[in-house]
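Remarks on the structure that follows.
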Amino acid sequence: MDIGFVGTGSMGAPMVRQLLESGHHVTVHNRTRAKAEALAKEGARVVATPAEAAEGAEMVITMVADDGAELAVCEGPDGILASGPGGLHCACTTLGVATARALAERHREAEQAYLSCPVFGRPEAAAAGRLWILAAGPAEAFQRARPALESMGQGVFELGDDPVAANALKLAGNFTLMAMIETLGEAFALGEAYGIEPQRVLEVVNTSLYGSHVMEAYGKLIAGGDFKDAGFAAHLGYKDARLAQAAAEAGPVPMPLLAVVREALAETVARGRGDWDWAALGGLARERAGNRS
Amino acid sequence: MDIGFVGTGSMGAPMVRQLLESGHHVTVHNRTRAKAEALAKEGARVVATPAEAAEGAEMVITMVADDGAELAVCEGPDGILASGPGGLHCACTTLGVATARALAERHREAEQAYLSCPVFGRPEAAAAGRLWILAAGPAEAFQRARPALESMGQGVFELGDDPVAANALKLAGNFTLMAMIETLGEAFALGEAYGIEPQRVLEVVNTSLYGSHVMEAYGKLIAGGDFKDAGFAAHLGYKDARLAQAAAEAGPVPMPLLAVVREALAETVARGRGDWDWAALGGLARERAGNRS
Amino acid sequence: MDIGFVGTGSMGAPMVRQLLESGHHVTVHNRTRAKAEALAKEGARVVATPAEAAEGAEMVITMVADDGAELAVCEGPDGILASGPGGLHCACTTLGVATARALAERHREAEQAYLSCPVFGRPEAAAAGRLWILAAGPAEAFQRARPALESMGQGVFELGDDPVAANALKLAGNFTLMAMIETLGEAFALGEAYGIEPQRVLEVVNTSLYGSHVMEAYGKLIAGGDFKDAGFAAHLGYKDARLAQAAAEAGPVPMPLLAVVREALAETVARGRGDWDWAALGGLARERAGNRS
Amino acid sequence: MDIGFVGTGSMGAPMVRQLLESGHHVTVHNRTRAKAEALAKEGARVVATPAEAAEGAEMVITMVADDGAELAVCEGPDGILASGPGGLHCACTTLGVATARALAERHREAEQAYLSCPVFGRPEAAAAGRLWILAAGPAEAFQRARPALESMGQGVFELGDDPVAANALKLAGNFTLMAMIETLGEAFALGEAYGIEPQRVLEVVNTSLYGSHVMEAYGKLIAGGDFKDAGFAAHLGYKDARLAQAAAEAGPVPMPLLAVVREALAETVARGRGDWDWAALGGLARERAGNRS
């Protein structure tokens, strides 16, 4: 395929290399041109504007820093939207939903197809062609883009017609990472208050709790939304949350994330669900949003 | 070994079966005697009091509902502490640190050895001999108890001389599960606001983010405590937290756990660490407790 | 003065009446014209566009629903910005800081003076001329606007040259109200768990704790930033937070705001400030933002 | 009256002085005897044990550091409970509900009357006889104690038969203070990010928002539990919470308490109550605890 690629930074450059290795023709643009030039030796053609990268290409991919940078490469006389009707734009940048929605609309007006295609993976994963790609937008556009997307990642999730869904899911995924980091930080701090090294806490938690697909098991329970058959009852979970907090009084160890789940378990019990499985905590989170599973 | 076992409920009964299958002689006691009787057919001897279970045994194991139940089987004329000096008690019950500390002291006064041995695993894991056991207490007592502990689980972690450390780590582990449940619940609610089914959110998150030992990688970063070489910068994480929150305004979707990590990322940036890896969030959690890694 | 007024809803209409009663000439515009017409009987002149309200007036005041409505009355061929150079615009709408900053810039380009003038007070206060007005922007513009502002409120706070400061302070004030509402809600729920009616909790708390300028006293302590001379030590506050949480276990009563302050008190103690006055909690909040008082 | 008083520290000493000035006979005990001796010059009789302070007195008052100190002066051969049947004990110490409940029971067994009488006020208020006293316990005991209680404070709230209610309300009151301190700290930090001094934030907030009995007004709304007639709609409050948070991104300013109320407002809107008065936030707090007002 003839592919335009805008944004050849730490993520974009290895993505371009994957495309070249798969035999695609790639025309690249980067705001700081020197970064793009480095790819010329590897077979990419370098151009001066985003519009030039898009013109004549079967599709153009963007991978830039943030919402502002994405708008900058789309708008104006040199922008992708100015490259004429019929194009296809896959935005791999992590964008906010408002920006993604606005972009989808602007492309429609310009008679260009638009896909939101944010990715999971760090630069090392990009270099190894092991990104995961979340793609959403019109099915026909997705079919056109699929070969290029598959060249860049180990898997592509198709998420329906509304481009914004892919952005929301990317953000939801990053949220789970933040939550995990904070969780580990608090768990380590608690361990340290009892003389246990963080490495040891990590080893025990990772071996004991995460070896057996626990996230999948709990995820299915929460997704199913039926908590009445308790494996581990919510009132026991509430008790353990209180005991964890009592343990944290040595030090003391501030644990704000524990505080949140403790109060949510208290609410679960106060609402008369103490005998349900403690995964009901996850059900309450959905219920707060007005969802009834 | 001759082993006493107190508490033959949904966790205790399968643990006794594992001991019997490994060839140990087991004397059992349960407050509701009928539950203990069921094990008689499988070779256990049933007795009327915790003290009788402990007397003459090389070690006694307890697995009861909570701190109050544990104290009840230890204290009084029929309790384990009344069974005379020289005994060894492994408490597998999930106990608070204050109760564990008091028990350790009481056993010392009664000239009995005490180990805290809480376990990770649900009844199915107990039935399959696949519990993970966290053991802490005097090394000599641990050596005596090891064969029995290994009969009940797929692995035993030795956590040093202070019994309380095992209880703290068990609670820290349960905290990570609660956090994961709440995280999934909020992520599902966010997905639903954009028309993505929870099962699909689970599949994407589990495949993309948790397939590659991500918890171990982040755990090592946080344990190491050096965040200056950023794989993904904290200010970008803060940006994504804000975008996730903006995405949650559709609905709206209340996300209290996201709110906690968002504020912690704000603090990370405000303290001048925006260029550090976002795992610095975990470092801040340790620092709040006065730890300097 | 000749004053234009845009937005004659539940807040705007009584503000216009105050201006008329003070002898000003007022030209009004409202998107739904009928609402503006009601004021015609009381002496206001009704016009069809925001631009007409601004043209020829010494100043134009806006009081509309939100950021979007404010932009709508400013922009376009019928907007305030189109009314020609030399004007003075006081925006009483509660605006976000980004919108206020953008408006200030747009007025500068249009050679019009701009003041942010958000108000505290509900419609009853507006009707009684008892609003409080927070004004920020160029001093010269403030001097021109002062007589009109004073006609509408019982007091005007001048907050310096940067219009955005007034918007930030308005939002900070609204935040203190939300916090108070949540605080009361949680305190009532806790009281109810012990058979105390909310009205009684309110009476006791309001009489005992808020009769003696307690907010001013604590505010001065926190503003001063010196907590070493303790009236009530932080470690005692932390103890009380834990006791309050233990009390909430009857029910249980979920108290997420208590959870936040409890963890912040834990951090205060963990950072070695247990002997400082518990107002150090407020100091920590400032410090988290990188401020060193 | 003949009154025993145990605990003559920074709060107890001025309380004893108030009793002496009102003409009561006071027998005092303090663990560190020197502190008690200072009161001898002012007319108090000093004794060696809590039991001696209680013996022969019409009532004994305790004002010690915490739950442990209270138990220490009640229990054992020298404790208040050993002073024989018929006594009356008013515990002014701030106690946890579990300790208060246990004390009430122990006094019943010892045939002594027990009142929980925690106080609001710092040492200066005690010295001026301006404490507020929360009293709960048997009505007959309260009548006996009333003259002494009135000598020590500017007001006494009678809170019914269950002593624990007074302790819960004292803790609820202290919670409102913590919440206020954290609120001010966050509001100050937000103001500082826009160049407004904390003193100025305090002045504006205190003058504009708290001059007009706002806490009472909101308290009544929340206590009443009917939010359908909106003075200020919850969806506008949610908008302002988001704008406040956007304002806090300058800096950035971490605001964990704002985060809690923001999510609660999101839940209020998600549950279909966006048109209700924003005091519905307080109603939600009660509802989370299973209360339906």
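By letter and in written order, the chains are A, B, C and D; residue numbering begins at 1 in each of them.
As a convention for this text, a contact is a pair of C-beta atoms (placed from the backbone, for glycine too) under 8 Å apart; a residue touches a chain by one contact, two chains touch by 3 or more.
No experiment lies behind these values; they were computed from the predicted model shown.
Between chain A and chain C, the least number of touch steps comes to 1. Common neighbours of chain A and chain D (chains touching each): B, C. The interface with the greater count of contacting C-beta pairs, when C-D is set against B-D, is C-D. Of all chains, the one whose Cα centroid sits at the greatest distance from that of chain A is D. A straight line joining the Cα centres of chain B and chain C is 47 Å long. Separating the CA-averaged centres of chain C and chain D is a span of 29 Å. Centre-to-centre separation between chain B and chain D, using Cα means, comes to 37 Å.
Residue positions of chain A touching 2 or more other chains, listed in rising order: 251-256, 259-260, 264, 267, 270, 288-290.
Across the interface of their complex, chain C is touched by residues 238, 242, 245, 248-249, 251-256, 259-260, 262-264, 266-267, 269-270 of chain A. By the touch criterion given at the top, residues 256, 267, 270-272, 288-290 of chain B touch chain C in their complex.
By the touch criterion given at the top, residues 66-67, 94-98, 120-123, 125, 132, 134, 155, 157, 159-160, 162, 164-165, 167-169, 171-210, 212, 214-216, 218-220, 222-223, 231-232, 236-237, 239-241, 243-244, 246-247, 250-261, 264-265, 278-279, 281-286, 288-291, 293 of chain C touch chain D in their complex.
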